[in-house]
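Labels A, B, C and D are assigned to the chains in the order they are written; within every chain, residues are numbered from 1.
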């Protein structure tokens, strides 16, 4: 995690407050009822995200390191712990949508209470604790993205197609044809270099052997995907992994998540409500199974994490369409390595050689999830700008697709 | 259903408005978030009850019988139809808790809109339509009870034990010992006599043969139930129906719904929050399986519906603890035939000889549920006063217990 | 149960042996593998039936009442107890198909061992024990029917459509049009009179009031059913009970069990393999839901148990197509009250007024199942001849249809 | 796959016949009923293995490459295709235990029929077809192992603890303390070298970077495992992956599969029936979750596939306790790289760089399973001797443990 001594105290305070304020801003369009809905077990209510991120700071900073701090409400940690076994019993994840009280306004007050206490305490906190605050900031940024993907899932449940916010004008036309960029491979270093913040799972930096390969110069678009569908992509078992085909048939999958056909016309549900398919924009909300099948159909494959990271080493992590403070979250382009959508790799999420989890309960942050998931690289339109880097390892199960997940193709050179 | 011509138009208007106002009053303590929660598939969100009862009037009165009436929102019937196949496709029952929009306030405005339109139209409506309004009033009264049982279930999901309202002081002491009242039986008429409102399932009135029997002079109390538990009631298979025993073991049942043991002490969750066991008060929230097992343990049985109805023929249906306009809903006593809790009978909910469903879509009201359920008689603390009569047939599946369901014993004379 | 002193000892011995031999004969066409298959949780392997019926005699007669009797194998009662909680722990019902050992031949030897011991002991046994033997005989007859329905279900799992035995030539043509027989009703006695054997659930005989009604003079045929299907019977929700419609849609039901359509042509799987629809023969393998929906479609209803029993009081219980010693089990006709198929009534299976279960563990035989099931009357082609009487109450859950269940219509006069 | 031209025709014939005969020998102790049982969805009936391996030769050799060959029974391919989508519709995997006919003897006749036809055709078959035969031999060897693990699962379902065969005397005492062997790592080649048979997933051979590491010099024993259990291994969440802990709690896992505690004493079910824990023998039937948790508890980790393969490069693949023609299948030792039990690695089963599936339907053999599974290396007591090599990649899902799966520890040097 961050070497907090890199950062003067005022910087940390500013980053803390701007992160917290962005979360508050994201919640502004929501009603008390919007904020309590849990659309499925992978997602959490908006209010829960607001509270849980505060619980993280309250627990690991204020409770553990600030003398005389009193919990805002001693019954709330049971509600707002996510999965830290080291913090004891907690409310069942699947029942988070049942908690109408505390209300959204009460949770906003909780946020303010924690912010006041933390800002007041900050000057007295030592380096280790400031590193934990930096971790908490990154943690909250991750929840900002989840906040948006979960509210999208929640609103999608409503047959009235309500919108979270306004979107840009509908894009027309097709994207430019996809090209390939060749990379020569060799012995490549991947993982975090040690400068600035990183999660434990990005470390240690280590060498890998990479064979020559080519990487697509843009993401797969909605137009590309429509051609895959038209060509029988969802009804051709030979294109699919065995687990993927079972998933398709058991769930009647025939398009990306949030796509719907009415009278032969496909549309997709977005944070701006229902919109037509926009062929030039990247496809999002596809599972690993779909990404992998698409790649096979296209005569290509998914990149490995070392390939992607090698190719991105000179890219600007803050470029591309990402979440900014104004909350512009609509995918708009298809070119950059960072932004628009997370990119599935063909690499399992496993520990790097020499991996050591963080000490203490925060060591549960990453390591215990290293089983059955795949790595995604880059950033999405819902990733807060400033949260990205080439060594970042996002991870989801192969059937999950409620995140802004998409596809960039690779192939052997 | 009611012969509406018994009632002058002003009476119907008054009954309509007072019923609607009571529903509004019941919703007053709730937040937008409280009102959206669906705790389980049998229950509905409070907001849904508010909207659905309005949809009933809007659909079967205003849309069908009032020229030029325009739907408040033409997309809402899809959301607020409950189970009327004749009214076409509808939102999935299990997903009612996902509808944050329209908001609680928007649904309140919907109620006002329907009320205004209906009161304005009322003077012009014919006898048949006024009978449908009378049905709608009874329908809304049923939902007032469901509103309370469902909000109890919703708040119970919250580990913080929030209260819907205040309750009376905790009752202490034990109830008087249970006595038996002998009834001679004979050829008995049951079912509705035709005077005043009734549901189709209460008709036609017909004769049954009843053997001499005895009926308990009070309900089974929480104190009685504690003795059943102490005697191993929940761990003795010979006391249980086969389905009941499977239900106990598969669900780990060891007490009535909402009872909880902490450090050896039982408490129960109520609309007034968590309270101690009150031995003199009737036990509520027991399933048919539990009621039947308790009766066997007590050397008795459940009454048949004709026995209960015979015994209640001279009782005052408006006596006992029932829901009044002030919203006093705490069970307080254990004696009367009506009030405190619904009483399981040993009779299956089946059509009376000669039963004919109502004409049209409202014919789905009762008849299609005549399979697998048991009849309950009486009324509960959540039944609106004025809604009860001896011929009333409530019905639930044998495992259901989120209603205020209790037990009155019977035995052969 | 039987007053066994009605019967000289030699009669009981003969009845015991002929019953046991019929079971043996039914098992003759089966291989060791055929006999181990459990097609679904409601059904049991053929071998299990052979063993369980022997366990019944071994446990309740030999072990309990014959000095010095040693169990054939003391580990087997755990395997072959069905549901008697009073007999302790037992093998899980759903796993009966996993027991390849003991083999079919070993179970045959078990049967012989029990037979020898019982026949030897019989002359010394008192009246009560002989009554238990009579119960065991009736019990085994019930399992003869289950044996056949379960082996039908087992063979039906095999895509090769293997036959259990040969059937009669295919019947052609339609049945005669259905007529109605009027019954005047009145105060009617139903239940067992006390002469000969009866199960506890048939007692006590008691009076019921019956209104005038009409009963169809034949069963509903496969030809009738085909017309129901053609008329959209399975896709018209207004014909169905709410639970029934849920069952239809969740399970994709569109025909009776064992019916299949290939290239537009329906056939049905039988003990003689796959056969065409035979329009003149009774429809079998329909659920209560289907029977009830059919009756509504036909403008009729199902008979109540008292109506059926009244109408059958003069019929010959041994007439009609029933299982004889030669094992002729194909439904062949549609007229008689007894035979061809069990007839669903609209009556819930509940205790008669004054019902008292048998003493001891055999008291679990009937009473604990009195919840959620419907009564069927008559007998089927798989019911052993001699096992039937007008007061007999068969019972199944409304979705179950792997028995030979069919429909006879009734209507109010 | 094999370069079949390495092998003179007579060798292939001999290998074919000896493989087929071993399968026949493995089936000899089974009855018709034993052979039909399917204990769970991962396992198949013994008879199905006998038939499916024959279907493989019949389909891909005889049907496709031998003129005038007529299928033994044209309805059987539907029953005995496993998962080859390219071969069309097939019987549901979960219902394989329902097929009592064809009988075990009929399937034996099928095997003989295929053997005769194949041996007769062999001299005329070209190189490509002979390579497919070599693949079929390896395929059948894999099913020999599954045959044994599945029959173990089947017999374990029986509360009578029947044995498949005799086992060696019970081993007493503890194994020698575990030691560590250091490996220096470097750039290492893994994957198949091209000499002799290999599956497509073992290719292409390619280089990996390996850091210095240490590998345990013996397998984890049952005695080791008992100490893990005693130390609370199954009740300490911090030892487990998140998915693993969910698996433990949802399934109530508290020991390896087939272990059972009676009166405080653990025993385990084996092919020789129930036996005591033998502390000096390797633990088997543990899942990836358990293996991974054990390693964490022991302060170590699981080896990566490249580490294991590097360490095994000089080991004899035919050494250790493996299945020989006499069918001696009891785990007996704990030292060698090959034999006793498969060893979980920490590597996901993913395609090697440059992986290309086999052409045609047999290309479904491996590639479509490359998702969500982990690689196991070595061989088990049920692996046919001669089937093993260092590049072999076995694979299972992390919760699966009905195979002979065990643990060898690794750690960073």
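Everything that follows uses one rule, which is that a residue touches a chain if its C-beta (ideal position, glycine included) is under 8 Å from a C-beta of that chain, and two chains touch if they have at least 3 such contacts.
Computed from a prediction, not measured in an experiment: that's the story for all the values here.
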To get from chain A to chain C along touching chains, fewest steps? 2
Looking at the contacts, which chains touch chain B and chain D alike? A, C
Rounded Å distance, chain A centre to chain B centre (Cα mean): 46
Using Cα averages as centroids, what's the distance between chain B and chain C in whole Å? 38
On chain D, where are the residues touching two or more other chains? none
Which part of chain C faces chain D closely enough to touch in the complex? 31-37, 39, 47, 75, 78-79, 91, 95, 97-104, 154-155, 157-160, 162
Which chain A residues qualify as touching chain D in the complex? 83, 85-86, 187, 206-209, 211, 237-238, 240-245, 288-289, 292, 304, 346-348, 350-351, 353-354, 364, 368-372, 398, 412
